[in-house]
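First, the structure itself, so that you have it in front of you.
The first chain written gets the first letter, and so on, giving A, B, C and D; residue counts start at 1 in each chain.
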Amino acid sequence: MPHPRLRARAIVDSPTFQWFIIGVIIVNAVVLGLETSPRLIDAFPWLSALGWLTVAVFVVEISMRIYAHGREFFRDPWSLFDLAVVAVALIPASGTLSVLRVLRVLRVLRLLSAVRSMRRVVAALAATIPGMISIGALLVMLIYVAGVMSTQMFSGTDPEHFGDLPTSLLSMFQVMTGDDWAKVIQPVTDEHPAAWLFFIFYILVSTYIVLNLFIAVAVEALEKQHEEHDDEVVEEVEESELAVLAAIESLRAEVSDLRAELADGGR
Amino acid sequence: MPHPRLRARAIVDSPTFQWFIIGVIIVNAVVLGLETSPRLIDAFPWLSALGWLTVAVFVVEISMRIYAHGREFFRDPWSLFDLAVVAVALIPASGTLSVLRVLRVLRVLRLLSAVRSMRRVVAALAATIPGMISIGALLVMLIYVAGVMSTQMFSGTDPEHFGDLPTSLLSMFQVMTGDDWAKVIQPVTDEHPAAWLFFIFYILVSTYIVLNLFIAVAVEALEKQHEEHDDEVVEEVEESELAVLAAIESLRAEVSDLRAELADGGR
Amino acid sequence: MPHPRLRARAIVDSPTFQWFIIGVIIVNAVVLGLETSPRLIDAFPWLSALGWLTVAVFVVEISMRIYAHGREFFRDPWSLFDLAVVAVALIPASGTLSVLRVLRVLRVLRLLSAVRSMRRVVAALAATIPGMISIGALLVMLIYVAGVMSTQMFSGTDPEHFGDLPTSLLSMFQVMTGDDWAKVIQPVTDEHPAAWLFFIFYILVSTYIVLNLFIAVAVEALEKQHEEHDDEVVEEVEESELAVLAAIESLRAEVSDLRAELADGGR
Amino acid sequence: MPHPRLRARAIVDSPTFQWFIIGVIIVNAVVLGLETSPRLIDAFPWLSALGWLTVAVFVVEISMRIYAHGREFFRDPWSLFDLAVVAVALIPASGTLSVLRVLRVLRVLRLLSAVRSMRRVVAALAATIPGMISIGALLVMLIYVAGVMSTQMFSGTDPEHFGDLPTSLLSMFQVMTGDDWAKVIQPVTDEHPAAWLFFIFYILVSTYIVLNLFIAVAVEALEKQHEEHDDEVVEEVEESELAVLAAIESLRAEVSDLRAELADGGR
């Protein structure tokens, strides 16, 4: 009879168990959605109980996985993520901690760790982030410089959008996203027509940097594809080389035979 | 004299017949457009008759195609699509079924199945969908989590945009598309300035996921192009290999001849 | 002494002449811009004279080019374009033809034909259009179908945006560009909440088709680049093949010599 | 004992010194941000002193770098950039020059020259600009032509958006960015319904040119990646060629030996 830890591992790693947990995560997601409506909570008082039941299932599941995998559990970031979002549900969400109640919906994100193809997608998205850091920093600097300049120049003219630095930074972010930018800058440009130059220069430069941020992500994604295709061609070249070398080697064997025969014949 | 089914097949598969049907589809599309105006219906009472005439042509055409192709007709999804959009026209659109009248304009989509290059485009578009499912699911999860959180946090502050879950989901979708997002979140941020963090984080993450969705489609489209180009290079390498091997083989023939001559000479 | 037609050709094809014409086009563009202001026309009465002077230069230039190149002039689409935009200036722009006055600014577009690198860019842009026709037609069909359906369903609820087919088509185009879409559909969704499904489906599908339109253009642009790179690799493979074949040929010469020597020695 | 200039060079080129300067730049950036708030300036009167201290550090640093590198300093554009943004701080910013005070925040951009990876990003962004000039010029021409035409046609109908040429140019730029375009053109289209054609044509063409501008940048970015991958394949082909040639050479040596032996044997 196997060790109980091995049996626990067989259970938690079985597809049936994992599909069951995915089902519970989805039920939990639906319950969390329904619970946003006070009317539905009143109409279906068992909703809350169902919510707590799913949490109980999660607690049992996590406990079993800790028991089954031991230390390895704590080395896998996805397991720690699961542990964290379940633990949030157990903190008494009253008084100053009531903000944590909002975080309970993060349990929906357990789908990311539970479904294998979602893990791959998240890992792929995360892998493109390092390539964006330098351009992202450039963008942050641009917004900061433009925010300080616009506060210095326009805080008197249009306090609603450029009254202080945080407000200016948010206005500059809004202009960068292209949302209603003409309306944001209108109070300023009505008074200082030359301010158009400042804003249009900012729009062109920020759009250009954002574009390059996007292209950096796309190039990263294409890099992997390129490598695979290159590997195919390189493999073909190597195979071709081996075939040619084999043919030359067999020809050399023939010449060697000839040489040996001549040496024999000469004797 | 050929079998009547074969003659029917020759007719329905002839380019003339297919161009005629494309013409009828376009006439039908124009009629459906003109019929949206009660004034035009009054002015040209024969519009409705013309509409029914085109439907009659479609019914005859579909019947002929069913007769000509038999079972194969029902195996081709494009044929079933044609059958469905024509059938909708025949359902009496009164009482509870009057909503079906709206679906009649879908007959315009018969152009997709009737024009060969449109079929290819639709097939190409459909082929890229599987590669988007995982990232699309991630996006749906993000909108759901953000929708639940914003309902919990802001339903009191701004019931117009975040009053209940469906409203919040739609607001979050609107913010994701970048349409008037600053105005959607203003009532909330006026009261809770820290809510900016929540929304800007949401905008950055959702834009990033949408960007990756777009890139996934682009990479899929480039994949095919890459493969074709790789095939060209691989073919060139193989041709080069064959030429070299042929040269070596001819050299080996010469060495073999030499060896044979020596064996002769030695004798 | 050369034929006067050859002398004319030498003049109109000389870089000096072409740079002079580019200068006149720019002066003409500035004059056309300044002439939009009645105040400036009053202040600088010679503006209009300067404008007519540039037109006179264009007339002389075109006449010389027709004399110099003869029939060839009328075979070059760029020349015909130059002729057309200059001819527009000469039509008396009064009465019913006064709308032609607006077209005079198209003379600025002569820069496209006069500057060689602009010609290339325009030709490159035009070359990507055929690849977009099928997807563009799909998009037009989508807007048409959505326009007819929204007119049938919502013309009563919101006549401002969906009152008749042209208005609906424009609203649908606006929704597709993402401009203020939430505000366009609000009157309808306030009355029929289920209309959200229709519009969100439309937004997703139209965005998807537009995305594929953009990708089609990008793939076309990358195609040329790919071909150039492939050509490089193929050339390298061919050079390598030639080098190997030359080495084998030289080896075969050695074997032939050996064979000849043996034949000699055997005699 | 080394020359003092070499010692200065060792100091200014040391990583410790460069990290110290990066720290001072960040402190300076924070101070410049805090100084936008009159309340904070009053609360922390030492802020201004800290700002001047960082400027003093910059002056000493630049002086040391000039002393250490001599003429080379003035040949490096990044060094000249550092010198310029520091010099701006020293100009007395009063009277007509008070606008220069705003430029002080450009000192934050010293991070671009101080951090090596930022220099690379900026150089990479700058390198893609030449490829955009032709398409950018096309876009400027389009906006200019559309601006002149809309002023001529609509200055009477809607002076707010098309009253004079500068206003029209800005409206056309706004329409091109897709920001609230439906609202910009509404006053005109209400009066002249046919104006829709003009604006939709403008939107389609300008979007198409902007798209091609973006694709030009992306293709430029992919070019470098392609070249690297091509180089790998070409290298592989060359290595394969060398291996095959070496094998043929060794075979030729064997044939030569054989020939020599026969010549010996024949003697």
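Here is the rule we go by: contacts are C-beta pairs under 8 Å (C-beta built on N, C-alpha and C of every residue); 3 or more make two chains touch, one makes a residue touch a chain.
Remember, it's a predicted structure, so these values are computed and weren't measured experimentally.
Novice: Does the subunit A and subunit D pair touch with the same residues on each side or with different residues, judged by whether over half of the numbers are shared?
Specialist: Counting which numbers both chains contribute, under half are shared, so the two copies meet through different residues.
Novice: If I average the CA coordinates per chain, which chain comes out farthest from subunit B?
Specialist: Chain D.
Novice: Rounded to the nearest whole Å, what is the centre-to-centre distance of subunit A and subunit C, using the mean of the C-alpha atoms as each centre?
Specialist: Between these chains, centre-to-centre, one finds 38 Å.
Novice: How many angstrom lie between the centres of subunit A and subunit B, each centre taken as the mean Cα position?
Specialist: That gives a centre separation of 27 Å.
Novice: So which stretches of subunit A touch two or more other chains?
Specialist: 178-180, 218, 222, 226, 233, 237, 240, 244, 248, 251, 255, 258, 262
Novice: Show me the residue ranges of subunit C that touch subunit D in the complex, using the header's touch definition.
Specialist: Within the complex, subunit C touches subunit D at residues 29, 32-33, 36-37, 101-102, 105-106, 108-109, 111-112, 117-118, 120-122, 124-125, 128, 166, 170, 173-174, 177-180, 184, 214, 217-218, 221-222, 225-226, 229, 232-233, 236-237, 240, 243-244, 247-248, 250-251, 254-255, 257-258, 261-262, 265.
Novice: Using the touch definition up top, name the residues of subunit D that touch subunit C in the complex.
Specialist: Residues in contact with subunit C: 134-135, 137-138, 141, 144-145, 147-149, 151-153, 155, 164-165, 168, 178-183, 193, 196, 200, 203, 208-209, 211-212, 215-216, 218-219, 222-223, 226-227, 230, 233-234, 237-238, 240-241, 244-245, 248-249, 251-252, 255-256, 258-259, 262-263, 266.
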